[in-house]
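Below, subunit A partners subunit B and then partners subunit C, in two separate complexes.
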Partner chain A sequence: MAEYNIKTDSAYAVRPNEAVDRLKGALLKDIQRSCYVYRVDCGGCNGCEIEIFAAITPIFDAERFGIKVVSSPRHADVLVFTGAVTRSMRVPALRAYHAAPEPKVCVAYGACGCSGGIFHDLYCVWGGADKILPIDLYIPGCPPTPPATIHGFAVALGLLNQKMKAGYHSLQDDERSQLLHPQVPLDLRIQIERAARRMAGYWHGRRIADVFLTMIKNGDPLKLSSTLQEYLVAQDDPRLSEIMGRLEEIYLAWFAAH
Partner chain B sequence: MLLTEEKPKIGQKYVDALRQQFGWSIQEEAWQAPDQVTVTVELNSLPSVVETLYYQHGGWLSVVAGNDERPINGHFALYYVLSVEGDEQAPENKREKCYFVVRTLIPPHQMEFPAVTPRVPAAIWYEREVRDMFGLQPIGLPDERRLVLPDDWPEGLYPLRKDSMDYRYRPEPTTEDETYEFIDVEGEGIVQVPLGPLHITSDEPGHFRLYVDGEHIVDADYRLFYVHRGMEKLAETRMTYDQVTFLADRICGICGYAHNVAYSTSIERALGIAVPERAQYIRTILLEVERLHSHLLNLGLACHFVGFDTGFMQFFRVREKSMKMAELLTGTRKTYGMNLIGGVRRDILKEERTQTLQWIKELRQEVTDLVAMLLETPYIVQRTQDIGRLESKVARDYSPVGPTLRGSGFARDIRVIHPYCAYDRVPWTLTYKDGCDVLARTLIRAEEFFESLSMVERCLDTMPEGPVLTEGFRYKPYAYALGYVEAPRGEDIHWSMLGDNQKLYRWRCRASSYNNWPPLRYMLRGNTISDAPLIVASIDPCYSCTERVTVVDVRKKKAQVVPYKELERYCRERKHSPLK
Partner chain C sequence: MVLKLIREVLKVGQATLPYPFTPVELAPGFRGKPEYDPQQCIACAACTIACPPNALTMHTDLEQGVRTWSLFYGRCIFCARCEEVCPTGAIKLGHDFELASFSREDLTIRAEFRLAACNLCGAYFASAKELEHVLALLDQAGLPPEDAANRKALLRACPECRRKMDLPRVKPLVQEAFNGRV
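Our next item is the complex of A and B:
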């Protein structure tokens, strides 16, 4: 087996010079006009392309901010690179980059464009767009939603400030992470949570199990049935009643066994 | 799953017929499911067996999977997967429909097999891919060029061989130029038009070359796979079974969920896992929601390419409602991440159900109006009728799928032929047309859209009770089976073989456009160059077109590069030809 050949700092990267950097700084700082965007698909799955599309069509309408998608890199101020850079697309992507006039802003779009995403270390992929080109802005997401896209561009154009703040939490000596529902016996809790997940999946299952476990915790076991009935009548959802019924059965069986 | 003798074996009569015709060449049969059989044949009779199944028993080539089975049995293996649907002359209800897999073993010292392509043209891309990925030489294959691997990939390095390389190995580029050789079209006055590989409207990159005589396209050739990333290798090396479902979502940004279901069902079928009824309904609902937004996208693009941009914007406005629907039901707009092996990860409760039904009502009204508007615009029909004809004969030879095939008079939809999920329990009607042109394909999409709306409604109304996930099964090494889904563009099919280390041994996923590309050449021939973007869009390809087009004029003997934008403008306006 041949040795790995994984380039983290690729020899093929384009490095702009200082003068261009100054120009670009000015462009980003003082942009007083609309900006033209050209999309370069370096090997994406289409998800990103179509979300960009969605962002420029009537509901989101990025054009109201002066952001316009153009059909040639020669007209572009902003290049948007989507997808993990594949071997075949490296040269076309570089060609598009060189075709755009300086100063230009390069955006890495989507999880794959930012880092290579799920494909980051594959044999036919060079990684994110920043492996071959200098990138000024990252818009993450798989794919980024149209609102995230517009927000990203607004940040790039200086219309908005980046919403980013760091927070740190250091664990104290006597600090313990809190368990959920510590009053409910562990084996019962596991049974209830698993049943809820099998019935309603991860997202709804977690919510439903939480409601049920809170009822057990706070109420008298003998009154559970009536509390539950009240709750279900208020919710008026036959599927929820079915799931809660199943959880109640498990609880009663456990209760009888203990 | 090993089937006991009493279980029905749909397709037994085809196995018997082959045994009668080919005798000892048919070596082994194994059933993966009641309607799925794998028959091992002797290497030299491979082309004849595939041809017999294809043309005499009504077979359609679904996928060809190569496999390096040297660690298991000392050979390379090829699996030709055909959907065998019986004699086309026979009445519909008399026809036995099954997935028939022809398997053949290639000894590692030989590394050659007789190509099937000269007998069944549909195998062309598959055999080129097997050569790229495994280094198995198809003898008699007319096309010597690479298909999947990039031009700068070194000779003699075959990614999918088990002993060739680590999945992270990145060889130095061997060239800085594009070395792909496009076909030579001989003839007086033919001009080449290259198109690509980057372009504005559509999705992934691809490079086209159109050969034109004046304004008329004589022939076309294309280079795709600019986005080959090596997913199959990734699934076989880095990911566990459940993780691959999330990878399958990222095969395609539009029909990702279809791939996801195809992959999950292939594993579930190989292991004989019973997926809960409710999960099957939820999968059906989501597959149809995906079809909603995909078809609206294509209808929008069809408007765009004939210069009707108002329609384009309107379709995209309405499409947002289907995206919201997906977000409500799954939590995301695109990559749903909804499947696990054995079920789904999220249930549909009352709130989602009520809202979805409400949006369906609104969508039905809005799209009815839009489609009426589209068809009342006189030049829509004028621009699409008899354009980009895919003749039934060509369609039969190349096994295209989805609306591309159904537009050429074949009532072929995997949801009917090999029902999966809840499609055999929810009533619905199949749409097909025999116009063979762009108009037929567009109208099929419009009609399917409304059918999908009704299907989601019916599924939501009749969803059974019970769990959404099965747990507690065991994986069996080297079990294999097919999973298939009728995605918006046609059949997506996955062939998976389990491994012995909680990873797939081999995963072959084939997207629907793969089968639709080879016949595109025939659709382009004879049309004018201004219709080219429209025709390409009519197969709704999963690729992104191109930034420029090379036009080769046969008569003037000169090549001219036309920006794709120019060509697209010409397609919309039909004025000021870029060739003059």
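Our next item is the complex of A and C:
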């Protein structure tokens, strides 16, 4: 084991080791359908823990793939680090890491485990398990849903392939952004969007306003009422009917004024 | 006794979802991976200001006139604040949740944009695409031609030159307000 002082060494107390990495390859081959997971909480909010336990319930049933959560790092093949690595949970996390027998696979779980998440710049936070340990797999999410958890473990064990790819885009010469709903006059669009966002909140308001503006630009203004009615009957949501009714009033007032 | 148990089991059926062999059914309004459309992005930085965990970041190089936008999925908390504030709908939360990845690099996407130079002093001051977008919005607003031309000339200058350009218009107003004491 590398020479370091578990109490005083700050970041990168454990460095990646080539010999161990080779052993890891052999381990992954051996444990494909019998994988013991130990969960290390490095100062998280417990959202990730709840999702991990949801993933081993009968609904999602991670044990179909031989994934079993064990209660001691001595039994573990895979260590799952959740939480943003706080000052006081760093040493327990390192102790759990060293208690697990080599070779072991380390997984950073959740937004906090991957990079510190929303707590990344707090004074007492190291900002992700990869700041103190060599991490083999990142499972982002806040928290990752049980299917995302199962997918993550399947990727770690080599059963599925990684889907994510680094992306890079460089500005092209003729690149232009398109205006949203250019057929609808600007002042009307602003009135509709503001009203929808005020009534339904920003995220839903925008989506509702988008549906309404698409109806305006596609249809005959005289037939708007009947198209809207058809849509609202299909959606069957009194809250949506109320909001759409108000938007229609705004539209009709604007139409009468012009 | 056993028969009763078997009957019960048959009645309940299978509870386990067949995921990952078949796609899982997602709830309406599920917020998955933010999908980014660089064509629509105007590099206005609204999303980077809104992003609570700073998963979205933007670096502006005023010397080179380049602005780099980047999104690190490892830090994203899927709150959709970026989608809320995006003025062009360039970022939308999709339904993809299978983000597991072996390296941090694979979780990062970047886009590079050029900055527009001030047409008076030549200093870089705003994203070129953002400026184009604002000019297009001005056209859509249907202002009187003279007013629109004045505003466009102002917009093409950097904030410092804009202040200087606006001085002749503002000076009499200030003098009037202070009764000629300035």
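The rule is simple: the second predicted complex is superposed on the first by the 213 of 258 C-alpha atoms of A that agree within 3 Å, B and C clash if a C-alpha of one lies under 4 Å from a C-alpha of the other, contacts with A are read in each partner's own complex, and residues count from 1 in each chain.
Definition applied: a residue touches a chain if its C-beta (ideal position, glycine included) is under 8 Å from a C-beta of that chain, and two chains touch if they have at least 3 such contacts.
Remember, it's a predicted structure, so these values are computed and weren't measured experimentally.
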Discussion item. Once chain A of both complexes is superposed, is A:Asp130 in touch with subunit B (first), subunit C (second), both, or neither?
Written reply: second
Next item on the list: Pick one for A:Lys165: touches subunit B only (first), subunit C only (second), both, or neither.
Entry: second
Discussion item. With both complexes superposed on chain A, which partner does A:Arg87 reach: first (subunit B), second (subunit C), both or neither?
Written reply: first
Counting only touches as set out at the top, which of subunit B and subunit C does A:Leu186 meet: first, second, both, neither?
-> second
Between subunit B (first) and subunit C (second), which, if any, makes contact with A:Ser115: first, second, both or neither? second
Name the contact category of A:Pro140: first (subunit B only), second (subunit C only), both, or neither. second
Practice task
Could you say whether A:His151 touches subunit B, subunit C, both of them, or neither, answering first, second, both or neither?
Solution key: second
Which of subunit B and subunit C A:Arg176 touches, first, second, both or neither = second
Q.
A:Ala200 in the overlay: touching subunit B, subunit C, both, or neither? Say first, second, both or neither.
A. first
Check: subunit A residues flagged as touching subunit B and also subunit C 58-59, 117-118, 121, 142, 145, 202-203
Listed in rising order, subunit C residues that touch subunit A in their complex are 15-17, 19-20, 24, 36, 38-42, 52-55, 72-78, 80, 83-85, 88-90, 96-114, 128-129, 132-133, 136-137, 140-142
Touching subunit A in the complex, subunit B uses residues 149-153, 159, 163-173, 176-178, 197-200, 202-205, 225-231, 233-234, 238, 246-247, 250-254, 256, 297, 313-314, 316-317, 319-320, 323, 331, 333-335, 344-351, 465-469, 471, 542, 544, 547, 563-565, 568
Subunit B partner, complex, touching residues on subunit A are 1-7, 39-41, 43-51, 53-54, 57-59, 69-72, 83-84, 86-92, 96, 117-119, 121-126, 142-143, 145, 197-205, 235-240, 242-243
Contacts from subunit A onto subunit C in the complex sit at residues 58-61, 64, 108, 111, 114-118, 120-121, 128, 130, 136-142, 144-145, 147-148, 150-152, 154-156, 160, 162-171, 175-180, 182, 185-187, 202-203, 206
